[in-house]
Amino acid sequence: MGTLREECGVFGIFAQNTCDVASDVYYGLYALQHRGQESCGIVVNDDGLFRTHRDLGLVNDVFDHAAMELLGQGNMAVGHVRYGTTGATDRYNTQPIVVNHSKGRMALAHNGNIVNSLPLREELENKGSIFHTTSDTEVISYLITGERLTAPSIEEAVNRAMTRIRGAYSLVIMSPTKLIAVRDENGFRPLCYGKTPDGSYIVASESCALDAVGATFERDLEPGEILVFDKNGVRSIRDHCGKVPPSFCVFEYIYFARPDSVIDGACVHDARVRAGEFLAEEHPVEADVVIGVPDSGLDAAIGYSRASGIPYNIGFIKNKYIGRTFISPGQKSREDKVKIKLNPIPSVVRGKRVILVDDSMVRGTTSRRIVKLLREAGAVEVHARFSAPPFIAPCYYGTDIDSKEMLIACKHTLDEIAEIIDVDSLGYLSVEHVKMLAGKEKGYCTACFDEHYPTETPLDTRKDRFERKISENGKEDK
Amino acid sequence: MGTLREECGVFGIFAQNTCDVASDVYYGLYALQHRGQESCGIVVNDDGLFRTHRDLGLVNDVFDHAAMELLGQGNMAVGHVRYGTTGATDRYNTQPIVVNHSKGRMALAHNGNIVNSLPLREELENKGSIFHTTSDTEVISYLITGERLTAPSIEEAVNRAMTRIRGAYSLVIMSPTKLIAVRDENGFRPLCYGKTPDGSYIVASESCALDAVGATFERDLEPGEILVFDKNGVRSIRDHCGKVPPSFCVFEYIYFARPDSVIDGACVHDARVRAGEFLAEEHPVEADVVIGVPDSGLDAAIGYSRASGIPYNIGFIKNKYIGRTFISPGQKSREDKVKIKLNPIPSVVRGKRVILVDDSMVRGTTSRRIVKLLREAGAVEVHARFSAPPFIAPCYYGTDIDSKEMLIACKHTLDEIAEIIDVDSLGYLSVEHVKMLAGKEKGYCTACFDEHYPTETPLDTRKDRFERKISENGKEDK
Amino acid sequence: MGTLREECGVFGIFAQNTCDVASDVYYGLYALQHRGQESCGIVVNDDGLFRTHRDLGLVNDVFDHAAMELLGQGNMAVGHVRYGTTGATDRYNTQPIVVNHSKGRMALAHNGNIVNSLPLREELENKGSIFHTTSDTEVISYLITGERLTAPSIEEAVNRAMTRIRGAYSLVIMSPTKLIAVRDENGFRPLCYGKTPDGSYIVASESCALDAVGATFERDLEPGEILVFDKNGVRSIRDHCGKVPPSFCVFEYIYFARPDSVIDGACVHDARVRAGEFLAEEHPVEADVVIGVPDSGLDAAIGYSRASGIPYNIGFIKNKYIGRTFISPGQKSREDKVKIKLNPIPSVVRGKRVILVDDSMVRGTTSRRIVKLLREAGAVEVHARFSAPPFIAPCYYGTDIDSKEMLIACKHTLDEIAEIIDVDSLGYLSVEHVKMLAGKEKGYCTACFDEHYPTETPLDTRKDRFERKISENGKEDK
Amino acid sequence: MGTLREECGVFGIFAQNTCDVASDVYYGLYALQHRGQESCGIVVNDDGLFRTHRDLGLVNDVFDHAAMELLGQGNMAVGHVRYGTTGATDRYNTQPIVVNHSKGRMALAHNGNIVNSLPLREELENKGSIFHTTSDTEVISYLITGERLTAPSIEEAVNRAMTRIRGAYSLVIMSPTKLIAVRDENGFRPLCYGKTPDGSYIVASESCALDAVGATFERDLEPGEILVFDKNGVRSIRDHCGKVPPSFCVFEYIYFARPDSVIDGACVHDARVRAGEFLAEEHPVEADVVIGVPDSGLDAAIGYSRASGIPYNIGFIKNKYIGRTFISPGQKSREDKVKIKLNPIPSVVRGKRVILVDDSMVRGTTSRRIVKLLREAGAVEVHARFSAPPFIAPCYYGTDIDSKEMLIACKHTLDEIAEIIDVDSLGYLSVEHVKMLAGKEKGYCTACFDEHYPTETPLDTRKDRFERKISENGKEDK
């Protein structure tokens, strides 16, 4: 029932000969759809000629037969799914970006968020550059193109550009002859590659997209690594590896990634079951039934049940026809709408002490409504358990955990929160346990839980951005 | 993972004054969307003036803001969701049907299938009637209108028409001043009514639609009962009650209805959990994990786990963006497509003996692919358990279990089936247990399992229909 | 600049073998588009199987490649263009109507308006018939189907039905094996047939549609004639010919028909030029230039110039991108909108005495605005000449000259009208001259000019209709 | 019947206060629709905030109520209509272009074609710039933005950028506080301004757009002039005026502009009538009737008739529902299609010696078909007269007269052409008379008739472009 949003998913294919690469990207993006539902795009490389189709909408809306025919065959392709704000003009922010430049054509798909895009943008504009979008992806493309004026190859241009970029970025870049995958030196976002039985190389944000095209998982990219796929096979550039400690976004395990993906060696479903087991250990309570909030709380609910011995059951039916296009006509309150999405099964909770497991809580509003539904359905006790620590700080690396004012845990004590959402007890997973979700401890970014940011932050430049916005919209004085 | 389809869901509201009744129907149809995804429609009664909007598509596609504004306010409304074949012209088969006749206007929404529509249609055509659709709903509307020429009231016209109609029908009928709900004398399809806090009466195929509009469940209609809602309240006509033994479609419990609905006194989720428990009792096996095929096998899997003590886990991730509009571009085989919809979680099944629970098996093709996915993911044994008996006969009452040639259980022994779908063992729920799913034995239609049809069947008239089709498409000789 | 609207155009083809008949209908309807712009439809007869595509919109919007592919090949086809009121539900009033009945399939396209549809409809409803549209075309289809229960052939059923129908109707009917063309006994609306070089028979409302498919004009149907096209060639049934004097709608010559069509022996353009010549004779005036209101006033302006010797020039530029979809955003007044459609050429009228020729005047509003534009552009005198007599009575035969209250000539004297529209002189064509437009005098309907209706009128039944409407929308009392 | 295409039309408004400026641009673009039918766009300036809507399609398709609501109110706005090639990605070439840069926001609409865009683009790319479109408008926006880094004002930046640009450009530029109109120093394309009764300044490609919004024509911009509209009124910058002799595109008079527009002091309709008069003088012939090819040949036909005394008549009816979306389904030849667009009126030409007047001839194919239609309709002689000299050279200034290979006059003598298009005599207007179309001789570009190009041409850079295209689509070698 999470309302947090990841910003993007990326996918690329390098085939051994001309074939229906667009179809593979289609299936791959389909599998990555959970990482972005606002727009999507595919660029096919047909022997150096790029054909592009991008639009607002879900993968199977945007890529109808006409679009697939337009894309045609090729030997390489890249694709992208994106979450973004709405509006007709936003069509111009769809990815992959295509750059047509005399020094070489390039398509670029990006997942993440760079923290120094504003100063970089200012610097480039002061040299006369014009930006057509508001995305930091365009900043990256400018940096790479700038380096290409002098670099001996595109991968070297990418390598040089990486010295300027700070923050989270998993990139897939396609030149006329090469497919290049890049993971930032912190390794914030996942990126892996695999190989199909017929020798195509696949790059994807998550391994579930490799499964979707029948590819075998090879390995995750290391933080800071550049992989170059071309007719000579695959080559790794590691100039940026090991420079900083890794800081993988732990929320990929907790919420963003698909349970059937394996990231950096750990299965996401297992990590979530383990979160439920840790929760049972940290916050035990006597109860009759454990239920999860569909879909993201189900794995952890099974873990809690397993560790506590309290029976697991299905407590809510989620209306599976609710999509992002859900338009609420008429006068219904937001509370009614939760009921339309989620309906409790009364016989499961009536007269019962219920343990309710969810992944996380942002503002508390949704949790309060869900608890209310359980009580109306006859639950005598409700014990909320969250498989993440409280959010106390914004994320600058590509999710929309944005401002402290919105975060319930910034403004209230645990007791207050329990009262607000009307539960009999409340338990969050500890930051210590969070770091053990993948089985063994590894380098995580837990900034949203503890404010330990692994990079510089855009806090100062954010101030700039605010002022810039004012001046952009304001009067010109000359 | 079922591929069977119910044909329809119906909804009606009688409000105490003019209000946003269309919005309530919208939410109700949303909750009934699982009963029909091809088309939908709403007719609003604004003090005798009917406003209609119907189209192909899901509820939240068809009813955008413009459509809701067109419908406007009223004091009554009826709605319908429908499964049907595709094609532009099929738009003319959408419901509710609206009849404008000098003897009175009427809107009619129908769930079910009548078995004597062909002879009735012939009889009416021989009197000069012209049918505009191929649906049996139009036959019903003709019969009622025919009776209205002499009947003292619309409910009496309905009552008289019922003597002619055989088969399954749950109807909601709206005249300028009355809302009428009808359940056929066998009670094949569910139909219940409730009341909202502000006094509106709600009629719906399933109780989950009452929940969606905040109505309290009053009771199911009895088989053969007519309920009339008007300004004097609610009145029951029971001339057709108790004439034949009830024969409720047991597959509503097993697959069609939503788990959170309560039908004829039993919660659907509970019935399914019970099916899993019966299965564990009938077909025990040693294994490491019980998994369900999402979404319809999950409840029974929990029941099997509970009764057997073998741990329950999530074995498959279902891509939740797969809709009815899934277009498969390119050359992927059907096997690949199953993988795109369902991806196994390898760590859950690898090296394990797996019990796989699903609701039913029609042709066996899907089951075979699912088993293959499990084996590729490393399952060492796969034991299939189905919470329904084998299908051996067609259904004439509104589902698409159609011809014997398609049904795997008609052509093969259990051992052969186990070999075809490649499982280590295979177990179906017995017909005896099926009759106990609602907790206590009651009158069921189990014709698709045992060929005991509770009414006449259209077998002879089907032969007629075939010949008629030939002559319709053929040459006219005069 | 006329704002009157014809209701329909019809087209049919009987080919000698299976071919792309839909394409011919497409071109034919394209040529008839001026007779109806709200909706259109084509039904293809593929060896007895009917495929239909109908929708709201212009011919080249409705019939895209997908629609044409759906229609496919056949050996017969009928098509229809229609003017009608707007609204999503109006889609159900599109034509051709297709009747699927056990006595035989039939498609029917109708141009005209029958005057006794209301009593016929009542009679049919009292036998239990249900109407799905509000069009009189459905009444005709019911009558024909009723006769088919006993008639030995479809043409005989049509022949019998004609005895019941009063008013204007040009019909094209398609059975599985025959194409039938019918013109009412008064001959209100045009209907002709021709033959293509490869032997296909074509039936069309106007000869310009024969030109569009490369067919040679054979002849107009006689009033009351039935033509039957089948594998034996063409056969005429003349039981209804000569029973009443012909009464062709003279407004087809004046405004409705396309100038390049030839109807009942006279070229429409020539008839209009002749109207201008008569006008110059009846209403001479000294002036410097003659201009026509585009497009319908241009031919008569040339005639006026020719007869008077006063030079013809182009006085207005009509924006050719103005379509029926012209949406006026914002706050512009209706006067501004006329200016957007029509812009005067100042150098043509500045300082000039201008004779302004138009086809007719309904309410006077448009004429007033056009005169105002001329005066603002510098015309010193404006003399209005109309190539039709004043409208003083409603038309019941398929045009929208509706109620006396709207007609400026019913409420004002000529002098008052001249003052209202602000012209220096005003001249209408006389009814006597109107009857000579085709060169020789022939039987015309001039009811809208002189109230001599050639048939019974629906005046009484109109009263019924009004009451019926009340009761339909009102409360039902039993 | 011309098939030549102008590339664009521009429109701008500077209002005295916040109002519905988008509506005025809508009406203005409507009047300029003939200058470009492929795409259109409007940018509204709401106190420094820019709102944009652009899309492929005609003005009244693109700007529906939702789009107009999105644009909202403002105090300035610019708009654009464009002709361009089709294709989904072409959406990115729509105008006005909006530049968001730290030195100031800018919207830019362009009519014309600059001849040195390729070397300018290379130069900018070598500094690291990235182009997102293939249009020269983006080159102009880069040049202006580059100058803004140092210029004291936007108008000075524009003034400086003009020293680099060669070719045809009529620009409307909008900054947060200023509206700027620019006409290139040759004055190839028209551009004028006017004032509405409530004090708004209007800039438009043609005066017919001023009429459409009720503005009074003030004057044409001079070649090389910059006009700046801001809160202080209007100011002229003339640094680039008078540097080169004017060379207005004479084809604006002959074909592109609307007849009701007045350009550089001459009414377009009058110029065309004059062309017909010159033609009668240069190429007299005995004949019975003069007809024009609709719509562009009608004015000159009237002139020819007036000068020769041979009667004018309407010879063709043009189907007014033919739009740019005309899709030809099926197997019809191109000859058939001409017949569907244009149908001759047989009674006008049968047995007659016909003078056929058209504006120009490019490849001769259309003319041949039109002549054939006349002969089939019974014309005994056909004499073709064109109100333009033969095309012998490509245009580099914004029309699509492209390559010599396509031009019939480059490959054939007059006698050969007469034979090819099957006319009894053939006459073109002489270049000398063309220069007198506006009444008095003035500076014209007649390069397409005589190869005297008033600027450098892109011939060399065109070679570059070809090679560049190869390398862009080809393999990258590093």
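Note that the chains take the letters A, B, C and D in the order they are written out, and that residue 1 is the start of every chain.
FYI, contacts are C-beta pairs under 8 Å (C-beta built on N, C-alpha and C of every residue); 3 or more make two chains touch, one makes a residue touch a chain.
Just so it is clear, the model here is predicted, and its values are computed rather than measured.
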Shared touching chains for chain A and chain D? none
Would you kindly say which chain has the C-alpha centre located farthest from the C-alpha centre of chain B? D
How far is the middle of chain B from the middle of chain D, if each middle is the mean of its Cα atoms, in Å? 61
Chain centre separation (chain C, chain D; CA means) in Å: 37
By the touch rule stated above, which residues of chain A touch at least two different other chains? none
Is the chain-to-chain touch network here best called a line, a ring, a star, complete, or other? ring
All chain pairs that touch each other: A-B, A-D, B-C, C-D
Give every residue of chain A touching chain B within the complex, in rising order. 20, 22-23, 26-27, 30-31, 33-34, 37, 58-61, 63-65, 68, 208, 211-212, 214, 258-260, 262, 267, 269-270, 295, 298-299, 302, 306, 311-314, 316-317, 319-321, 323, 325-327, 329-332, 336, 339-340, 343-348
For chain B, which residues are in contact with chain C within the complex? 47-49, 52-53, 67, 70, 88-89, 91-92, 99-105, 122, 124-132, 134, 141-142, 145-146, 149, 152-154, 175-178, 468, 472-476, 478
